[in-house]
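One structure, pasted below without further comment.
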Amino acid sequence: MSRERYLVQGAVTHAMIGETVGADATGDTAGAISVFAGQVRADVFDGRTVAAIEYSSYEAMLKEAVAGIREVIFNAFSDVKTVTIIHSTGVVKAGEISLLVVVTAGHRDQAMRACTHTVELVKEKLPVWKKEIFEDESHRWV
Amino acid sequence: MSRERYLVQGAVTHAMIGETVGADATGDTAGAISVFAGQVRADVFDGRTVAAIEYSSYEAMLKEAVAGIREVIFNAFSDVKTVTIIHSTGVVKAGEISLLVVVTAGHRDQAMRACTHTVELVKEKLPVWKKEIFEDESHRWV
Amino acid sequence: MSVRVLFFGFLAERAGAPEKRYEAVTDTNALEAMVAGEIEGLQEYSYIVSVNRQAIRGNTPLNDGDEVAFLPPFAGG
Amino acid sequence: MSVRVLFFGFLAERAGAPEKRYEAVTDTNALEAMVAGEIEGLQEYSYIVSVNRQAIRGNTPLNDGDEVAFLPPFAGG
């Protein structure tokens, strides 16, 4: 199954999680749905608290990277039916979600392992950068 | 965090997934949300196709079992902030969700491992039974 | 004395009711013998017994008002 | 000949613009030398270079219209 949306402006909403599961877990042969959401933490660095993260990406390369990750997962996990990756671009505040991964499979073992592996590949392969914006409006690239 | 709802009549809806994440992933110190949803498959047994599963449970014991699982997880994973387990009772049709587990944690490693472990404990510890109802209205206890 | 006995899963179907009451039964061995008289082939099924929502191992004395349950293997999820 | 050069993450900040155009640059070594003249301390940063969205290793010839990018370590999620 092809999921065209992989970038979203600002935060991934809670409603979007339910909607994505609803769009992916169609049919009656998928027994397991594994979801990971990454949320911006109000970490403290050098006495300053993170208020938001501003994400930027190399969009043309990102599209290819998402397709590449999906191909790796489908090849590695024969029971997996769908893989969706949605990443935020722009500003996401602390306490908001910036990454959503949804994997559906026939059974739970492959759904969960494939979801974990997808998240690892997202961290490693997606051309995305983040700038922590602190409460005092200073920033730091991480 | 205490989640009082652990039984739901009929299917877990897609909206309920987003709502549960929204209720649990509050505050700005949870960086990772791991979700598992189990869905009824239209498996074929002996030439008959599963149309639905009817779940029943020993409610008083279930409540204690859910509390016990949450305690095990909180003790085993110090980074975990919330654990929610919601199981269906009654009839859930093929293609509908019957189990929802949501775990939030500071970081993804414990969120994902704790979610997997919670699902394993759900299968092992919850006093829940299921009756497969086939399309020809015959049934089988599994 | 009287105990409340609950049957779950396929045992509820076999017992013909999800709940029954047994009088004058002093321990779980005696209760299982009575139930086995009502559910044909009970000995061949896999199940555990709980008393007041705690799974038991071996024979356990019963008191008035106890809640005993016959639990087939759990099948949640 | 002319190549389009994109800068991402902190390198966009250091370069002063997310995108620049360089003329008469025949390979990536020559381009990196030109960019190093504009971004102080470039050699000390960790980054990779891509040509037409493929990461390269070692010196790579450039053609008119190529899209080159300077990519700091990825930090998605």
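Note that the chains are named A, B, C and D in the order they appear, and that numbering of residues resets to 1 at the start of each chain.
We adopt the following convention: a residue touches a chain if its C-beta (ideal position, glycine included) is under 8 Å from a C-beta of that chain, and two chains touch if they have at least 3 such contacts.
Being a predicted model, the structure only gives us computed values, none of them experimental.
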item: Chain C and chain A - chains in contact with each; value: B
item: For chain B paired with chain D, centre-to-centre distance based on mean C-alpha positions, whole Å; value: 49
item: For chain B paired with chain C, centre-to-centre distance based on mean C-alpha positions, whole Å; value: 27
item: Where chain C and chain D are represented by their mean Cα positions, the distance between them in whole Å; value: 74
item: Residues of chain B touching at least two other chains; value: 38, 108, 119
item: Junction residues of chain C, two or more chains touched; value: 77
item: Contact pairs between chains, per stated definition; value: A-B, A-D, B-C
item: Touch list for chain D against partner chain A, complex; value: 6, 8-10, 12-13, 50, 53, 69, 71-72, 74-77
item: Footprint of chain B on chain A - complex, ascending; value: 13-19, 21-22, 25-42, 94-95, 97, 106, 108, 111-112, 115-116, 119
item: Sites on chain A touched by chain D in the complex; value: 38, 55-58, 60-61, 64, 87, 98-99, 119, 122-131, 141-142
